[in-house]
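For reference, the structures are reproduced in the following blocks.
In the two complexes below, chain A is the common chain; its partner is chain B in one and chain C in the other.
For the complex of A and B:
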């Protein structure tokens, strides 16, 4: 009798164990579906999705897409399903403006992420602001976009209430690069080149100002035409100037060949640039002689940010073909800021979007605050990110390697 | 007739339990065919126990093998990501401060994570030297502000910019995760006060320090 009981208990336990096993293996099926029915909110994306700068643009688009999918999966805003509408500006201000008009015309769009280029942003700001549609750029670094044209004269004035950005500005990036080049790299004679665009010329100016204040000499300046790839004349001028460093305000499609041609001309000196050259494509364009070239970029290295770990894993799991590149984390945070603003507006309106949702979302954006991929995300009175970190990277082999990071605490 | 006697078996009837004389003997129950089956018959309870235990063991093993992965504990954050430094303003220089020196105060706070040790504080200009109180290295307490008094001495006026727009302090930090040198850019007020102090220290009529 005792033996029979033993068998019965054993069998029951075994059955129980198998049942539990079956339950435990069902985890993966849960969730993942986008919101069912309810309201659809569209987050517009404007970036260069084709052309020379598409590596950065596609990283922006994918990261916004990931943020919306994550928000839908986690049902961050009850009853709201987020979608993206991504438009290609080809890094052209006129295309950016057309895209802004198109996004404004879609009543489901309650916010937009982008653009990459400051010059494109200039053409979009008013269109969005007139429609009270919030815009958050993950990449624009020109200070005037948030602080007005006279930002450097001590008269900061925010031109558009609807414009925000998660990236650090060139008011910090250029001077930090100058400090590194002069004090750490001990380069005292710089040749400064820019592409005459809003971003490139602005960055070169902030670098030059600080470099001169520190005691550095600008031994030559040049502007290049971004439509060409033959910079041999400029390279010869650099060689003859006796410069020990080149600072370039512009983007990697030109910076890569420029670096290569300067070295080929016999000037074995580093080329230094801003976040616009911080791309894997720069390294391949510059070739082996680009080793030792430097770039500053917004934010701390991703591997140093505990908050970025999940983003990197999710991005990989999502299977996007293109890398998230320099602005992936900032794009995700820009989209998440819009999602948080929408959430606030919905919660304040008994769970529904109000009629003036765009204006309310723009208003709510000013007070958004959360721990994002790039750290704490919130905005100051100009719409600039309060988290201002930046890093100097050096080309080592086939990668950018972080050299030094800084945080603006002002 | 009052009584009924036992009914006698009639013709063609018989009691089933008594074999008839011509009836062949009933075969004994068929013996088990295989050896295994015989063994099973002999040790049925033991075999069942072992089988149940095996099933239990297999189930348990499967459960163990497919248990939810216990995520390894997150490593502590890099020290530069949890340390903040705020510029407080000019401070009076200590009595024993060397000539051409000036002092400022900053506040360092470790916002979260394990203890951070401040190993070194430097500034980037060749013509300035720097000393700080408390003496370095010192350990911090997470969540508590630590005031640091920094005294800088101008050792060579030509090697110090008098109007740098974005001066910073390089601070070497250590915690369980890493040792890092991180620049803390203290903002416009620090830039202004530093310029003023350097200009004061290097003005032609300042034979000694413009102690504050």
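For the complex of A and C:
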């Protein structure tokens, strides 16, 4: 009996290992595509294309796709055709790292857009940096990604030179929400909840710091388990704490049910979150009682920016099945930044890609500057976006409607 | 304000759901000594069965009083078909095989069912909203009970009572007990053990389906992964209560649900424990409880000491 079980386990392991190698061996083909018809440059995309967060991920993928098509149509870089290679990270750091390795292995990839989640970014940064491959995230908001672990202690140090982002950070987003909640919405007792992920915990911490500084009171804190849907115990605590607002650091798959259960428990108070809950799916998950819930998101509302009109029209015209969601404009700008950097490198090298194209593109990225969908796109010494605009949205009916737009100042 | 009564009710509700799903684990284990890890997915299929009836069979705007029984029926049919199919085509061919084979089959089946729903059910790549019962929450003293939870509160004890009657009093039920005690002797006594095993799978599926409808009504959504974590919890509940014992499954579910809720609500208030409290630690405390129970009662709360068969 024991012998047989051993054989079974060994067989299973062997089968698993064989499958894995089979997956790994596909990587390197598709290279050497430079022929007479010009050179192909691939922009990698890494985002959750399946699972709970796929609504946001597919918006990112489609927007990058749109940017490359636009660049090809306008012949932004002479002799170069842009293509995308989109990989699914399922919001898992381990998948993100595998995808990063895969993109690095493809010689045609000169830049990558993504990922969505800060925790995934942590696992990808080093892989890309070792290969000097530039990465631009449209959505990561954790400050440590660009400013190092001790960013809050005043020692800012950029860990990876190849990492850039078009999104603003939680160092700005959390405090901005705190100011809105305290000064504009006049809520003085907050219950702070997070999901313990890099993004959620960071956001909740920056919110709490600023909120206390302003004079608000944190009447309770709680960390939820993102794998469950039962928040009734937490909801009861919120109700009994006497809070008049809930701040949630996390994403919409949990925020929606959480908002619903808090209201069902009898606490008719708004739930406020960051860009992670700014999705149409939040509204459908939170149900009718979600009206009045608030979210901050990076940048001005894409629909209202004159620079974004063209993007929105092109996106519609391209006929994508999924909406561009919260990060569409930022993803388009991220891809466009890579295209601009490639253009600079090609122009400096007599219209051809140099041998060390990846390193050159990464270098060029630092000085990229153009007017994008979301406003002026350029990067500071840490690789953060210089555009620090934020908007507060509130749930009205079945839509998010902008309440207040502004720039956060320390 | 004293939140203990409300938290107890929260725990009771969560625990009833664990209990309903745990019955399927414990019954199948009791009879064929198989830990059917695909049972969480049977639960999930039940949820989608109910949803299918609501979305595609019933005309729009049917009141829940008419829709709910039909949805329940749809859930039960879907879950039973899949469970019996799994028994017939995945487990029965392995009846004489070493114990690891059906176990790994169960894990594979669990993944396959999840991915099948993910790939082929329209819209299942994200959470799908489940219909809810209209009407405000009920206030009893300081306790608030949601309309959707009333279903769970009513249905869990009723179905438990029916199951107890079935197992104790009917011919098939007694056949199940006999098969659980000794399959070979039961066969010699003229019991069709193959049929008994199918009945055990089907009954487990019925309870999982009822639990799935309760889940949908309570949380207002179903998704393809909903059975995975809940299945693990229900399995834990079955072990806690004493695997193989149907009352143990229900008691284990209730104990687990209440323990998790209490851990979320109160551990953080114990001096020096604030770091270890809150919902993200609730699972840890639930498993601490499980380990403690198994240390002193390896057979579980209600289990009987049997020769180690696993």
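Some points to look at:
What we mean here is this: the second predicted complex is superposed on the first by the 371 of 410 C-alpha atoms of A that agree within 3 Å, B and C clash if a C-alpha of one lies under 4 Å from a C-alpha of the other, contacts with A are read in each partner's own complex, and residues count from 1 in each chain.
By our rule, a residue touches a chain if its C-beta (ideal position, glycine included) is under 8 Å from a C-beta of that chain, and two chains touch if they have at least 3 such contacts.
Every value quoted in this text rests on a predicted model; they were computed, and no experiment measured them.
By the touch criterion defined above, A:257 reaches chain C but does not reach chain B. In the superposition on chain A, A:231 contacts chain C only, with no contact to chain B. Judged by the touch definition given at the top, the superposed model places A:350 against neither chain B nor chain C.
In the superposed model, A:375 makes contact with chain B only, not with chain C.
By the touch criterion defined above, A:305 lies against chain B but remains apart from chain C after alignment on the C-alpha atoms of chain A. In the superposition on chain A, A:55 makes contact with chain C only, while chain B stays out of contact range.
According to the touch criterion, the shared surface of chain A, contacted by chain B in one complex and chain C in the other, consists of residues 4.
Of all residues in chain A, those touching chain C in their complex are 1, 4-5, 8-9, 12, 50-52, 54-55, 195-196, 221-225, 227-234, 236-237, 239-240, 253, 257, 260, 264-266, 281, 284-285, 287.
Contacts from chain B toward chain A in the complex involve residues 45, 48-49, 52-53, 55-56, 59-60, 62-63, 66-68, 74, 77-78, 80-81, 84-87, 124-125, 159, 161, 163-168, 180-190. Across the interface of their complex, chain B is touched by residues 3-4, 6-7, 10-11, 13-14, 17-18, 20-21, 24-25, 27, 172, 175-176, 178-179, 183-184, 209-210, 213-215, 300, 304-306, 375, 404-410 of chain A. Residues 1, 3, 6-7, 10-11, 13-14, 98-101, 104, 118, 125-127, 129, 132, 137, 144, 146, 219-221, 223, 226, 229, 260-261, 264-265, 278-283 of chain C are the ones touching chain A in the complex.
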